[in-house]
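Working notes, structure below.
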Amino acid sequence: MDWGFWLPQIMLFSSLIPALVIFLLRDEQFWLRTSLNLGGSAVKLVLAGIMAWGVLAEGRTYEASLPFLHNQELVLRVEPLSLMLVGLSSVLWFITTIYAIGYLENSPNRTRFFGFFSLCVTATIGIAMAGNLITFLIFYEMLSVVTYPLVVHRGTPAALAAGRTYLLYTLGGGVLLLLGVIWLQVLAGPVSFESGGAIDFLVDDHRTELIVIFGLLIAGLGVKAAIVPLHRWLPEAMIAPAPVSALLHAVAVVKAGAYGIVRVVYDVYGLELSDQLNVLLPLALFASFTIIYGSVRALGEFDLKRRLAYSTVSQVSYIALGTALIGPAATVGATVHLIHQGIMKITLFFCAGVFAEARNIHDIREMSGVGRSMPLTMSAFTLGAFGMIGVPPLAGFVSKWYLGLGSLESNAPWVIVILVASSVMNAAYFLPIVYKGWFGEPHEEIEVVEAERFQVAEAPWSLLGPALATAGISLLAGLLAAWAYSPLSLAEIVANQRMISP
Amino acid sequence: MTIDLLFDSILALTLAWLCWRVLSAPDLFKAVVLFIAFGLLMALAWVRLNAPDIALAEAAIGAGLTGALMLDAAGQMTGRSFPYIRNPEPAEQEVDHGEP
Amino acid sequence: MSLVGIWVILIPLICGLAAFAVGGRSSRVIGLIGAGLTFLLSGLLVLHVWQSGVWIYQLGGWDVPLGISLRADGLSAFLIGMTGAVGLGISLYAVRYFEALTPGPSQDPSAALRTGSGRGEESGAGDSPEAERGGTEVWLPGASYWPLWMLLWASLNVLFLSNDIFNLYVGLELLTLASVALIILQREQAAIVAGLRYLLAAFLGSMAYLLGVALIYADAGVLDLGLLADAELTGTATQVAGGLMAVGLLLKAALFPLHFWLPAAHSSAPAPVSAALSALVVKGAFYLLIRLWFEVFESAGTVSVEQMIGGLGAVAIVVGSFQAIRQERLKLMIAYSTVAQVGYLFIMIPLAGSFGDPEASWRFEAWTGGLYHALSHGFAKASMFLAAGVLLSALGHDRVWHLAGSASRFPVIYLSFGIAGMSLMGLPPSAGFVGKWLMLRSAVESGQWWWVVILLVGGLLTAGYVAIVLSQALQHDVDEHTEPHPVPKLMTVMVFALAAMSLLLGLRAAEPLELLEIGAPFQTLMSVVED
Amino acid sequence: MSEFLIYGLAAAALFAICLHGIITRTHILRKILALNMMGSAVFLLLITIAERNQVDGVADPVPHAMVLTGIVVAVSATAFALALARRYHAQTGHTELHDEDGST
Amino acid sequence: MENRDPIPDSGPIVRVLSIILGVALFGILATAVLDLDVEATGLTDTVMERIGESGVDHPPTAVLLNFRAYDTWLEVAVLLLAAWGALVLRQATRLPEQPAARSPGPVLDWLVRMLIPLAIVTGVYLLWRGTDAPGGAFQAGAVIGAALLLLRLSGYRSIGLFSAAWLRGSLLAGFAGFMAIATLLFITGWTFLEYPPAWAGLIIVIVELLITWSVAVSFVALFVAARPDDSATEPVGGER
């Protein structure tokens, strides 16, 4: 049996099949559904582990090509860069599944929720493993569609309105991406992802077209990566249940966009060609603007999830920014942030969900003193927030450090200003929450019996556990950054594969 | 030969004129009658064109049968009865068979 | 094996006649056997063409031009295969549909137009309203459905296999009459008006087509498509004939602005009939147009005419989609969606036509893309109409604004509707995506940017009306005044199966696309695409 | 001017007149009449072609066969259309196609 | 429904546009006709060369029932479908008997008694003649159908006597008989719709007979079924 061929496919099916079976179940079939979910995610986790071992320790590449059109194949490939997103999604799917089971207990339409949830993971894994542009496109569009039912899951008018906005943006972005991909393929033939890019030969005859296509591709991807001005759907979509916000809008959807940008710049155009076409500077500027804009908007939001959402807008653009800078350290920073941002932000969303569920807290002004009754949750939140700010030795620090190095390497010191400004603002919108949560007086309006006010009353373990787990991971990712299997090491491998002399 | 051609020309013109009349005669009944005449003249033209058997079919089916159908329909739609076709409505109540 | 092309016509006819002769309840059994066999035979025909290439058969042993020949190339096999699969799905659905018709469902809840209609075989044959005097047999809508549907199916196969332009005329008429008879099956007033309008429009289309046939015969002296293609006609008479035939077929295929008859006809028929009409019957006229356009009139076509037809297609996409968005009844919405999707099909004409370099590979790409879109539309639209039929049976209405919250009751139905909608939008992974991809590629390659815009905008407009339905259904608040009626499981399964097919055909398109190449026009271009 | 041209042009004229009739007349029966005559026009052209194609006094039998087939097809469609029209009329009293009778 | 106001035709704009369209169409068609060769032979020679093998002498019959039998076969199906559609419209499995509410007068009675046998003889003659001279199944069917219709309209019992099975059988006879013969030969190894040369004449006569009968009954059925039945003169549902 050719494992290289089958493993990527099994990886996909490990969430696709549970999804399809779940659709056939009734809401009440809790145990069957749960075991399917957990079983699927466990299988995925194990497979991700096997492939990580293969890729990192044995230097293997797993690849499956399936015939699709005349001269076009669907390619699933696992190499270091795809491994980053594969690993991230597998680990976080497992954790989020546990969280979601606890979170959605007894709410209606669970079958639908978990079915589409698993489909989303399938799409994300597909995006991660896509070995060529068309495969990427297919899973990217699939992700747009299968997320819609999750966004409107609550079925309230607000949710439906958010769903409309979401569809409008993502389908519009999909159209731009589709056009870009087709145009590029017409010029270059089937485009597969290759380190350093594979379309240099076009530059002499089609320079302008290449620039326009780059714009189309980045615009299409930028919608999901929430680059300003294409970001508006993200705060709206926060209407969705917490697990959705956590996994999809902190990890899957926005990461799909950011990952796509990484792929386009590094593996389709290649840094050299991108530099030659002068398209990186505009990307860096857009990303920088988004970083600042997102932070400013986050400062103005008092709804916890919306503040987190704007923080996501800001943080995800670190990836785009790092991608737009030329130099190994910037690449390391960009790619490692793919993972770091994911684990930190999911921690925060988990905690926000816990606060909402256990204390009905949606507004940060209601958070006063919540740390006294929920110290563990608040600790996890604090770890996540500090990571976001970039406090050493947490994961966020590692990302920012490499990004800073990269900006120096590529002679763009102004980027440091952006990073510093952003960190200051991160601190400005996170620290007050942390401070209030630990040291503020419990709010009058919260109906907590006086005796219980200082009582420890944590949420159930199915909700708390995942939050603690991801918080722990984000701590470890920073502490053990030098370990050979850490995200950082992986990012370094990725960067080495793609490096050119600046 | 010229007489033949003259005849053909007149026949063709008559056909066109009849066709126009069928579409514009104010009375629907008259239009249907003209339609039958059109069909018969058409059959005549086909005899001239060396197609007697097809002419026969046109006269029988095209003019005759279609014409009869049209007359019957025109009778219903104008509220007038086609002579002796529509008997006084008998008290033919629907026979409901109930469960077979 | 080589005679399977005859059997694929004969078997549905034999079964249809048997069902007619037997009448009553047993017609269902015969109809189902017919559907199963025809499906198998369609599959065998596809296999045969796949393995042995183009199949040609001289009927009666008379060579062309004296006799009539049948011909199955990749295109015919492709469409026969689609008809077979969609037909089987519709048949299985119809078994339960006509059984399950209960006093609840009506095409239109507001008009109390129903006497005999809608009472199924199970609900007591004694309901038959107008059992004729002295007759021992009673009227069952299902009993008439099966023979007519088998005949409709047979006439589609006749159309796809015939290689003679006059025989195609007879086939078209057969198709029209069978369709109209099916539309009026339940005798609702709306259906009768719609059927009548459809019949008149189709009659007019046939006459235009027949006049074209006459002119071609006068010019070329033969009726066989192959001989006509070899003749490479270019004269004025041929051009006029081409125009007439095209207009006639466009009327039957309902391209804007000749679509006026379609929405009412397709929406007022019983669900299995609506599905067959939108998914298959429209494709019959489309198929014939494509055949003539790219084989007989290849040398007579001009860029301006092609661009004009494409332009009508573009208008159809926009107008049809906006009309669909405005509709309050689901079946009408789906019917208008067909108007828009037919527009998509005709964008193929300018793309595969004579614009630019005649030897360019994009022509073949557009041709396959358009046909793949037709395939995807076949499955997706059938699924949508059948889904609407389920909702109609269960809720007694199909008003879009009263579907609120029904997604939790009919999850599979809406899932299928969503999948089918994806395919119509051309979102991956679906068969619609493959078609759209190929057409877009062709448009970009040939530099016809205006079609790129239309194709992309059309997809977004499609998303508009699909989203309206889905967001209604996903609402939390449920319309309580609708007490759903139980719907047989098989119906739901078929809705899903057809939607799933439209998805699966998008995951692996290589083989169907290869099938299309067999005996296709543009032989010289294919090597270019292949590399 | 030959027989062929006379009848050929007559067929063309009839076809055009009937098209005008179909478009402008609203009465269903007139539309059906016009369609029927349109059919006759096409058949006339076919028979004219058959006559043109004659060899040794035998007219081309293929168009003849086509016409015979066409006549039967036309009468079938006409009769069916009439049946529909009459039922429609009986139900509604209308003699032209009304959209509002549909359940829009 | 009694004499509603005459419905106005389409408006002046449509009218003018339609006239322009009509004139343009005439121009185009005339150009096409003028473009045609005045001399050509079409398929005449081809047919005449092989007519000896067809089993009949009359060229159109040879084309209809042998060379292009496929067309004819399907055409019978079209007729069947129309008749059937009309039956669907009545939701009937058989046709109503003409209510014999009044007896035909003596003159009419005499006329009918004379005409019916005459018509049937004519029909059979046309049919028989069709193999070598003008005439044939469709003409014969029309004449016999007319006779049946006359019988019915003058108050005699005719087609209403048919049971549902008889009616169906008669409608089907032409198409199904044709198909049965062709299928049997096909199964035994002949090409579809090919007749063994020795039997061709006989097969054609049988097929013509069957078609004649079907055509006759179909026409009557179409005529009778086209009339809205008594219950339908009030709107369906009876609620208006």
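Chains: A, B, C, D and E, in written order; residue numbering restarts at 1 for each.
By definition in this document, a contact is a pair of C-beta atoms (placed from the backbone, for glycine too) under 8 Å apart; a residue touches a chain by one contact, two chains touch by 3 or more.
Keep in mind that what you see is a predicted model, and the values were worked out from it rather than measured.
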Set of chains adjacent to chain A and to chain D: C
Middle chain, criterion being Cα centroid separation: C
Identity of the chain that, by mean CA position, is farthest from chain A: B
Pair of chains joined by more contacts [C-beta pairs], B-E or D-E: D-E
Centroid distance [mean C-alpha coordinates] between chain C and chain B, Å: 36
Whole-Å gap separating chain A and chain C, where each centre is the average of the chain's CA atoms: 43
For chain C paired with chain E, centre-to-centre distance based on mean C-alpha positions, whole Å: 29
Chain C residues counted as touching two or more neighbouring chains: 113, 128-134, 136, 138, 166, 170, 173, 177, 180-181, 184, 187, 189, 192, 211, 215, 217-218, 221
Junction residues of chain B, two or more chains touched: 53-54, 57, 61, 65, 69, 73, 76, 92, 94
Of chain A, residues touching chain C in the complex: 23, 66-71, 74, 108-109, 111-112, 137-139, 141-142, 144-145, 148-149, 152-156, 159-160, 163-164, 167, 171-172, 174-175, 178-179, 182-183, 185-186
For the chain C and chain A complex, residues of the former touching the latter: 405, 407-408, 411-412, 415, 418, 422, 425, 427-429, 433-434, 437-438, 440-441, 444-445, 452, 456, 459-460, 463, 467, 470-471, 474-477, 507-511, 513-514, 529-531
List of chain D residues in touch with chain B within their complex: 1-3, 6-7, 9-10, 13-14, 17-18, 20-21, 25, 27-30, 32-34, 36-37, 40, 43-44, 47-48, 50-51, 54, 57, 59, 64, 67-68, 71-72, 74-75, 78-79, 82, 85-86, 89-90, 95
Complex contact set, residues of chain C against chain D: 107-108, 110-111, 113, 166, 169-170, 173, 176-177, 180-181, 184, 187, 189-190, 192-197, 199-200, 203-204, 206-207, 210-211, 213-215, 217-218, 221, 223, 264, 268, 332
Chain B contact footprint on chain E (complex, rising order): 1-3, 6, 58, 60, 96, 98-99, 101-102, 108, 126, 130, 133-136, 138-139, 142-143, 145-146, 149, 153-155, 219, 222-223, 226-228, 230-231
